[in-house]
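In order of appearance the chains are A, B, C and D, and numbering begins at 1 in each one.
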Amino acid sequence: MLVVMEVKATDQMVARVCVLIESMGLTAHPIPGAQRTVVGVTGNKSKIDADKVLAQEGVKEIIHVTSPYRLVSRECRPEDTVIDIGGLRIGDRNCVVIAGPCAVESRDQAMAVAEHVAKAGVRVFRGGAFKPRTSPYSFQGLGEEGLTILGEIRKEFGLLVATEALDTESLDKVAEYADIIQIGARNMQNFSLLKKAGKLKKPVLLKRGMSATLEEFLMAAEYILAEGNPDVILCERGVRISADSARTTLDLSAIPFVKQTSHLPIIADPSHGTGRRDFVIPLSRASVAVGADGLLVEVHHDPANALSDGAQALTLEMFSGLMEQIKTIAKVVGRTC
Amino acid sequence: MLVVMEVKATDQMVARVCVLIESMGLTAHPIPGAQRTVVGVTGNKSKIDADKVLAQEGVKEIIHVTSPYRLVSRECRPEDTVIDIGGLRIGDRNCVVIAGPCAVESRDQAMAVAEHVAKAGVRVFRGGAFKPRTSPYSFQGLGEEGLTILGEIRKEFGLLVATEALDTESLDKVAEYADIIQIGARNMQNFSLLKKAGKLKKPVLLKRGMSATLEEFLMAAEYILAEGNPDVILCERGVRISADSARTTLDLSAIPFVKQTSHLPIIADPSHGTGRRDFVIPLSRASVAVGADGLLVEVHHDPANALSDGAQALTLEMFSGLMEQIKTIAKVVGRTC
Amino acid sequence: MLVVMEVKATDQMVARVCVLIESMGLTAHPIPGAQRTVVGVTGNKSKIDADKVLAQEGVKEIIHVTSPYRLVSRECRPEDTVIDIGGLRIGDRNCVVIAGPCAVESRDQAMAVAEHVAKAGVRVFRGGAFKPRTSPYSFQGLGEEGLTILGEIRKEFGLLVATEALDTESLDKVAEYADIIQIGARNMQNFSLLKKAGKLKKPVLLKRGMSATLEEFLMAAEYILAEGNPDVILCERGVRISADSARTTLDLSAIPFVKQTSHLPIIADPSHGTGRRDFVIPLSRASVAVGADGLLVEVHHDPANALSDGAQALTLEMFSGLMEQIKTIAKVVGRTC
Amino acid sequence: MLVVMEVKATDQMVARVCVLIESMGLTAHPIPGAQRTVVGVTGNKSKIDADKVLAQEGVKEIIHVTSPYRLVSRECRPEDTVIDIGGLRIGDRNCVVIAGPCAVESRDQAMAVAEHVAKAGVRVFRGGAFKPRTSPYSFQGLGEEGLTILGEIRKEFGLLVATEALDTESLDKVAEYADIIQIGARNMQNFSLLKKAGKLKKPVLLKRGMSATLEEFLMAAEYILAEGNPDVILCERGVRISADSARTTLDLSAIPFVKQTSHLPIIADPSHGTGRRDFVIPLSRASVAVGADGLLVEVHHDPANALSDGAQALTLEMFSGLMEQIKTIAKVVGRTC
């Protein structure tokens, strides 16, 4: 950590900061410059209270040289985390496609989509039973009935199931039915939910908030690991910019950043990341090409009658075409699909 | 609502969209243009399923002419909502200052700040018992002990108390002690929490998410009103931009926008909105000048030893100075402070 | 065009707007809704003065249904623009790689890089003679000397040359030496420069501004086409978000958006788009996978001694590796490289 | 400056970085930490080539402790710059209102507005002769004819005149007529224009780019000062966020930031900053309250017939009302208006 003093900070202020740092069991290294003094701090960083240092008189800013990540960082664990769910290995050299409708709307709809994606080679089915919606008047999902349908799909097609938990109340219920528990972008900093998910023994798929920095994203995952659950799959789903091409912009540079900084697997969600069916296929190809460990894709057998996000769902035909395309690209980056 | 067809949409596609709209009990008004056709939709908009229309073949986009707000909109309720809490009227012609430390750290600390702000004329004390923190290793608040201290402050100084509820589990407990229940920026779209807060009989202070559009902000308030709680105080606390002056940028144009669009009161939080003590006073003045119904300000008797956000807390002296300045500005905009 | 009236707009105000629209030679179609009236406008949109309509009493907003693009739009020209420069076809089924150092630093440096990229199969060399720099104290390029070196490279290696014109003064000089004239992101709305470039007979490579919407980007190209120069190559080079992974985020959804909306070719610049050498290769792969017509890549024979942007330049070895990888991906999207 | 090494950087890499730093005539202070080494750099920073250091093997990032500003910084010049234009002092204790139409549309229009604002106490008239427009088909200004009209206004009403120079070609012509030369947001990093403006003997009003960081903004001003022109008036005019309240968000925290970091005066432009007439007055009040040295406001005698930006222009009556309101607020911050 580096403590940057203000230009007008007196020697006394610098001295007080050094005393404070040493009182925390750390070592202070003042470096007086032409304009200002910087104090380098070495020692066990976990002991430091940066807020307190920042609040001292004469301190301009604190620069964190050591990253704030612990358990999620590659420095803590150099090898990739591979999550094995019934033989499916996420984070390994394969590229996992998780596909299904935005929401489970009915038994018939879910079955129709599941049957198709299973045939196309998909191993994990997605579908929301509890839906986060901007408006209280929009379809909020089938709730527990949706979970039951997902349970049937798991049995019928031998598919693994990923579905979202919206709150701490429904988390246990969701965990009963799901193989992968999704935490959505709007809940990325719902710390109570993260902590409770950290106590489960099931993999968690954590989506990046729409304006979250990558540091905040990894720190949200840290909450889950810190509670004892090492199986977190990160998911880039688009960030807000001021451009007009789509609802959000898929930040594909997040993928190599996370692969470098953390040992956790990261997948991409081009459906939410673009919001437009005709952009999902090119961005899916790009996600695999950039090195994602997998994709989360919305597919619907009848998008024109979907109850939510129909405009971004692929038709079954489009989805089959996508699977062909990404297989070849996966090979270029040394993966199978 | 307006349905914009693609340039290449056929007459049949337009006809199908019109049939769908009419089947929802609405009226379709196709307007063929030189390039493309637009279909105007009139009738009771609450019946429309926009997602479904958008998913039809040949539809380029949906334009909402009628705003999605119902209960929060000024069109629904032309007069200002005034929330009366024990005689203190929020949203009326006064400008309410809610002040106190970021977190309740100890009985002594909270009492010291409370005594000072009460003397300076403040009627509502703020202080977090449960703290949302980016890192799981940061101070997470005193929890229930903090609530007990807030209870003492309420008795001792006759102050009203505002404090944050982090999740649905602790909401009832918080509601027991608080006069105003705060829902933080990171939870602005925690819909389960919003719904549960909507069932309470206590005023809710809802903070805008750091990258939330104003429409999303008002729709989050709509969740609370839709459940039966009309007493929502909105709070602008800064949005993310790519500038470097501060952690976030206080979006003061949100204040006149909300006053025009909604009947709900809106206050500003220049402490989180700037993150820097030396910017809090000028931005507080600006917030009052722009027409905010109040301020949420962090004050600490000893910022250098604060356990969280000490860098943005005003000292007691600075706070007293601020109160003087805003009184005069409040007069210019026809308010008392 | 649609004119959305305010809820409180009177019938008289609506009538006045209709009269104004008709006076412009257009047809007004008022659609009275439950809450408000919308006026559809049909006819030759080029005659309309939207600012004037917007300024009328009772008008809430103008919604443009017809896009503002004319010459750049695919509606104007359905087939792809293919730019032929000495036999090299940009915008066709090949994927063009433009490579070279950020700046021409010396004859030796430029020659060393040029020799290598030519061997790797590159047909267009890039290198800045005039450099836009945030600080007036940074290296500003060799100027005309740099142009002369580029001229030698063109002769020596048979490479085409792309280089930036910073202002209207130097534009003619640059055009003398360059086969492709680059206009940088900071100049995307330097309308005087765009107009003058529109009078040239040479292809223009136009970079998207770092916070420009795609509409603004295409309208900037429209300035060039409107002056008579049809040969514009668009370039996505990253947009600003609040994330921390890199200096900017390459907005790859811009590629399918532009391919759909316009007939102009669009390439990607992963070097500026990421700012980090180790991210350039994965993002280059992603750019090709998403359907870009080419890449603009910074390469340096000795990045550690580069005078500008050394941190984002690929070494010669890395560049050769990149060329191999993208060849295979290009095939998947039906291109050659 | 601080050089942060990668975690995996070897001792040799650190040593090489230190040698490089020393070779530039600076002193290197390596601080080995638990995770990584940081090298502090002291000495005359103007000698350093940060790009070169960043490009060394093993270097993760460069952290600039010393700000990059020289001439614009308050450290260079502690007292406020006060620009005296014919007795009007900008940057002093008064709050200067610059008012007039977006564009000079005709002699009659300009005269009508000028007469009114002069009566309301304004000393500087604004009006564009050359207009930067997103579309090549929008009104581009009257050009030189507009300048002539501005010249008449100056004589007739004794008003000073501020108008925009769009490019280096027209700069001299503009300088002939204008007392204050405006450089617009889109040209903030048009370095050729900045350099040429730096050679003039007239004050320059430099607007912040819509997504420019404050560092980039001040560095753009540095270009002007570095060429010998010390008279720069900065202007905050709104930044892009993803919110929907208005076209841009006026970033009022930029004002105290600039006042603290630089000695240059800074004013606010609530007309472009909000884009909506009904928001201009509240945001003008806020701008004065936050400590701006002045305002740039668009006023039109007949906004419904304005040729550009009529929707954001105040009517004459609204403008007179505004002048009253800000006088009182100016007093609170110790200024006259």
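We take it that a contact is a pair of C-beta atoms (placed from the backbone, for glycine too) under 8 Å apart; a residue touches a chain by one contact, two chains touch by 3 or more.
What you see is a predicted model, and the numbers here were worked out from it, not measured in a lab.
The minimum number of touch steps linking subunit A to subunit C comes to 1. Across B-D and A-D, it is B-D that has more C-beta pairs touching. Spacing of subunit C relative to subunit D, judged by their CA centroids, is 26 angstrom.
Centroids of subunit A and subunit B (each the mean of its C-alpha atoms) stand 26 Å apart.
In terms of their C-alpha centroids, the spacing between subunit B and subunit D amounts to 31 Å.
Put simply, the C-alpha centre of subunit A and that of subunit D have 39 angstrom between them.
Listed for subunit A are residues 211, 215, 240-242, each touching two or more other chains. Taken in their complex, subunit D has these residues touching subunit C: 46, 49, 51-52, 54-57, 68, 70, 132-138, 166-170, 186-187, 189-193, 195, 210-211, 215-216, 219, 222-223, 226, 240, 303-311, 313. Subunit C contributes residues 2, 4, 7, 29, 31-36, 38, 40, 42-45, 63, 65-66, 75, 211, 240-242 to its touches with subunit B in the complex.
Interface of subunit B with subunit D (complex): residues 211-215, 239-246, 249-257, 260, 273-274, 278-279, 282-283, 285-291, 325, 328-329, 331-333.
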